[in-house]
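Below are structures written as structure tokens.
Heads up, the next two complexes both have chain A, just with different partners, chain B and then chain C.
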Partner chain A sequence: MLSNTGNFLLSLNILLSALIIYYSYNNLKTSDDLISQKVFKISILQSTSILICFFTLVSAFLVSDFSLITVYQNSHTLKPIFYKISGTWGNHEGSLLLWVIILTLFSFLFLIYNRKHPKNYRLYTLIIQNFLILGFLFFILFNSNPFSLISPSPNEGLGLNPILQDPALAIHPPLLYVGFVGSSIYFSAAIASMITNYADKSFAKSIKSWVLISWSFQTLGILVGSIWAYYELGWGGFWFWDPVENASLLPWFAMTALLHSLLVLERRNVLYFWSIILCLLTFILSVTGTFLVRSGILNSVHTFANDPTRGIYILAFLSIMILVAVYILFLKYKPANVEINSNSKETFVLVNNWFMMFYLITVLLGTLYPIFTDAISNNKISVGPPFYNSVIIPVVIVFLFFMAIGPNAKWIKNKFIDLKIYSLIILAAVLLNFIIFFFFKSYSIISNLIVISSLFLILSSIMDIFKKISFNFPRVVSHLSFGFLILFIGLNHNFSIEKDFNLKIGETKQIDNFKFHLKDLKLVQDTNYKAVIGSLKVNDLLSKEERVLKPEIRIYDNPQTLTYEASIQTNFIRDYYLTMSNIDRSDYYNIKFQKKPLMIWIWISVAMLSLGGFLSLLRHAKYN
Partner chain B sequence: MQNIIKLITVSLLVFILGIFYQSLNRSSNYDTKFLVGNKIADIELSDLQSEKFFTNDDFKNNKYTLINFWASWCAPCRVEHPYLMILSRNKDIKILGINFKDKKINALKFLEELGDPYDYLAKDNNGKQSVNFGIYGIPESILIDSKFNILKKIIGPLNEKDLKEIKEIIKS
Partner chain C sequence: MLPKKVKKRASLLAIFLLASVLGVFLILNTLNKNILYFNSPTDIKISQDINYNKKIRIGGMVKKNTLEINNHEIKFIITDFKNEISVSFKGTIPNLFAEGKGVVAEGILKDKRFFEADRILAKHDENYMPPELKNILSDNAK
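Moving on to the complex of A and B:
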């Protein structure tokens, strides 16, 4: 029943998309500047039916309809309701449906919120977006159908992968999808803009909100994924340069560059084609990321069951998308003859873009290199954190200085009148840096430079609030947060303490300034797992702080999996992070303990960074 | 100039997409279970205690050979060692020990202390040879026949069950 409804709605959506393309195309030829009511009506119907289709799948998960393969493979009757719902997009098929929903909703919203812009530009955007929607609908219907039946219908499902049963991970995909799938709309708009020659300022205005929305959500999505990795994967880190993490970071770099180049396009009518390239690049990178993850080329926690035909389909889709986009770009490209003063705000924005491209290329190379060596020379290698850290960190230091100075530069021609103030700020930053390192007694040149440059950005951003009568508040929030983010990452990295040792019940061990005592172990039965919960007393002999941490070893029933749950105690100064694992044929438990300073401030900084994007969206909506 | 840039861009994109296509047909899972049934990589190992080299010729007359990867610093290797000692008394099977990323002095001390079950003792100082055999951690053991077919692969320390299974294979 649910299967039929779902399949019917999917087919209906294919029809509706085709109709939208057909009517929009006909509508192009009419002389008036009005979009036909038909297009509006079908768009509403399209959005509604895809949402109903999605809720059909959600209800299949809710009522545990195991006649659907997707539900059978990813759910279980004993699962809490919350995870039944999030299980809907915790798998390949369901998440593709989420893709299509976002493509469709953005298509509809772009249509109704851009009334001020010319008809043909909007119609072409709609047409291209609907081609994208069609591509994904066909993929879903014929290759990755969440409504496929299994016969005879099993009585019980296989369950959702335990590490995915987590509140952060339940909201991580939707957030991230609004981010990178949302970028589809300015991919479509960019092509429409080239076809209709609707260029420059007005183009920038029409897509700015969409870039801001996707950027802010992408930032939040990355944040939530990172928080999840921090407390679920049990490594105690929050960014691992895992290829799949990188896949979410690549469009983010492109979006960030785009966000800034749009400023120039909006104000000065230059960098049009560069902005177009960034629009195209963002969505192309998003689809590339999806391809890498779904095809199984890259292995990670995000890899769903392997099926090469999926990879071929997405690759074909990606190739067509890239070639069409590049073809139109080459056809329409006209070199601009605009001189940009080397000391002007435009140049500073361009510098931002160069940095973003540098990060993008570095991360892209690091991510693709292993695939290339494997394909060309059969060598399996992996590119790890040392590569990224050594290439990216030194560049971040320079970047932060530009980020501090850039926003205050004048358009067209800038004069450095604030040199004195900047010298004072840098002096203050250096001083603060040495105070910090004096108290914590740890030293490395690179961490000093990171702290100095981030303090420079922070102090300059704070000065901006007091200096000017009118200032761009969202920008200050974002730049300030970014400064804090780098500062906290730097301090956290430099002052983290890690201890690794074995303990048995009743034993006490002292390592440096910490005393550990494993009091006892309890066996607890939860709805869908058993847990061995340790009770570990941690004594910080320096601060006289005493805490009991309760790490868990969980044994999930469906599917049967062992997971190690870190026990984390957070406050505003530091996190205690502790994992416990059993050692085969021994009474001892392996304990990994970390004291990580200012952890929560890293999360807060990223949340504030994203908030800056949302504030900017409000500001843009208010003035346009 | 513009045309050159266009040409380079398109070639680069086609190249990347081509690599993606090629990668689709590769298994990225580093799983060595599929090795069972295949032939083992050519053996080319240097002896731990002399300048001698081991090659396939040294093993072709053995009915069965168990290749065991071990190191003195590896705690689970101590756990499995008694089973290797038991196995070494069996005449139908020879044991090749590959000492993995170890110091010679420690390796010999380890054997002196716990006994030497190995008929052949080779070294793999940088771990490269072991990778060729599809090893991704130690201890690991590979059971081969005289034709160098992999009959069984044991990841992690040998235990009683593995021992029984190996004995059954040898008997049959």
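Moving on to the complex of A and C:
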């Protein structure tokens, strides 16, 4: 029943998208500046029916309808209700349905929220967006159908991978999808803008909100993913430069560059084609990331079951998308004839864009390089975190200085009048840096520079609040929190302590100024797993701090899996992080203990960064 | 004498080009220094030119009944069903590491039969296997 409903709704959506394209196309030629009511009505219908389709799948998960392959493979009757729901998008098929929902909703919202803009521009955006929707609907229906039946219908499902049964990971995909699937709407708008020659500052105004929305959600999505990786994967880090993480970061760089170049387009009416390229690039990178992850071409830690036909379909879709976009770009491209002063705000924004492109190329090369060497020389290689760290970190130092100075530059022609203030700020930053390092007794040139440059950004952002009568508050929030982010990452990285050792029950071990004692183990039965909970006393002999940490070893029933749950104690100064694992036929427990300073502030900084985006959205809505 | 505008534009372009070349050089150079080669125990055995100072990755199955733990390290054997290599490791093993399951160890080769790992890679999925490993194992199983 649910399968039929779902398939019917998917087919209906194909029909509706085709109708929207047809009516919009006819509507292009009408002389008045009104979009026909038909287009609006079908759009409402389209959004409603895709939502119902999604709820059909959710209910299939809720009632555990194992006649659907997707439900059978990813759910279980004993799974908590929350994870039954989140299981809907915790798999390849369901997550693609989420793709289409966001494509569709953004298409509808863009249509109704842009009444001030020319009719044909809106209609073309709608047409192109619906071609994207069609592409994904066909993919879902014929290759990755969440409503496919299995017969005979099994009595029990296989269950969701236990490490995906987690609140952070339940909200991670929707957040991230609003981010990078949301970028589709300015991909469509960019093409529409080129076709209709709607190429001035009002184009920038029409897409700015959408760029801000997708950027803020993308930032939040990445944050939630990192937090999850931090407490669930058990190695205590939050960024691994894994291909999947990189795939989410690539569109983020493009979006960030776009966000800044739009400022120039909005203000000075230049950089139009560059902004268009960034619009196209953002969504192209989003689809590329999906292709890399879902096709299984890259060695990644994500669990989507791989299927080469999926890869081929996405690759074909991606190629068509790129070809069309590039073709229209070449057709319409006119070299701009505007002189930009080398000392002006415009140049600073361009500098931001260069940096973003540099990061983007670095991460893209690192991610794709293993594929090339495998294809060319058959050498299996991987590119590890040291590559990214040693390329990106030195560049970030310079970047932070520009980020501090740039926003205060004047449009058109700038003069440095604040040199005195900047020298004072840098002096303060250097001083603070040495206080920090004197206090912690550790030294490396690069970490000193990172701390100094981030302090420089922080201090000058704070100065901005006091200096000007009217300042751009959202910008200050974002730049300030980015400065804090780099500062906290730098300090955290430099002053983390890690101890690995093996311990028997009742045994005590002292390493440097830490004393560890494994008191006992308890066996606990939960609804869908058994857990061995250790009770480990940690004594910091320096600060006289004593804590009991309770790491777990969990044995899940469906599917049969063993996982190690970290025990984390957070406060505003530091995190204690401890994992315990066990090996059969031995009394020893394998323990990893970490003391990570200022961990929580890293999360707060990223949340604030994203908040800056939302605030900017409000500001934009208020003035336009 | 060129007009001032042209001169300015040319110098900007030169700076931009120089920065790009420098950037690309920096990226590629670092990339070359930081790639990790992936080997199976058989690759190690037949390889003629092993660099004993460079980090590599070794992948295969954790051989059944070879896992040992004492109070300072963990030992096990990685096998690709043809050849095997002993691994010692100080540190914590990741989720889903077990005998008879796939594993990727990162570290330095001491000699052709002994590997000192400083990291064992996590797998998120009990059924998941890195593509490199899958190919090697399915070739050897034939």
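By definition in this document, the second predicted complex is superposed on the first by the 621 of 624 C-alpha atoms of A that agree within 3 Å, B and C clash if a C-alpha of one lies under 4 Å from a C-alpha of the other, contacts with A are read in each partner's own complex, and residues count from 1 in each chain.
The rule is simple: contacts are C-beta pairs under 8 Å (C-beta built on N, C-alpha and C of every residue); 3 or more make two chains touch, one makes a residue touch a chain.
All figures in this text were calculated on a predicted structure; none of them were measured in a lab.
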Task = Using the overlay on chain A, decide if chain B and chain C clash or can fit next to each other.
result = clash
Message = I'd like to know which partner A:154 touches here: chain B for first, chain C for second, both or neither.
response = neither
Request  = Pick one for A:118: touches chain B only (first), chain C only (second), both, or neither.
outcome  = neither
Message = Taking the superposition on A as described, I'd like to know which of chain B and chain C A:597 touches: first, second, both or neither.
response = neither
Request  = Name the contact category of A:237: first (chain B only), second (chain C only), both, or neither.
outcome  = neither
Message = Which chain, chain B or chain C, ends up touching more residues of chain A in the combined arrangement?
response = C
Request  = Return first, second, both or neither, reflecting whether A:372 touches chain B, chain C, both chains, or no partner chain.
outcome  = first
Message = On chain A, which stretch or stretches are contacted by chain B in one complex as well as by chain C in the other?
response = 296-297, 299, 380, 585
Note = Given the complex, residues on chain B that touch chain A span 2, 6, 9-10, 13, 16-17, 19-26, 28-30, 79
Query = Inside the complex, what are the residues of chain C that reach chain A?
reply = 5, 8, 12, 19, 23-24, 26-28, 30-31, 33-39, 57, 67-74, 90-99, 106, 122-126, 128, 130-132
Task = Write out the stretch or stretches of chain A touching chain C in their complex.
result = 161, 163, 233-235, 296-297, 299, 301-303, 339, 342, 354, 358, 361-362, 365-366, 369-370, 373, 379-384, 386-387, 390-391, 500-504, 559-564, 579, 581, 583-586, 588, 590-592
Ask   = Considering the complex alone, what residue numbers of chain A touch chain B?
value = 291, 295-299, 308, 311-312, 315, 318-319, 322-323, 326, 330, 333, 335, 368, 371-372, 374-376, 380, 585
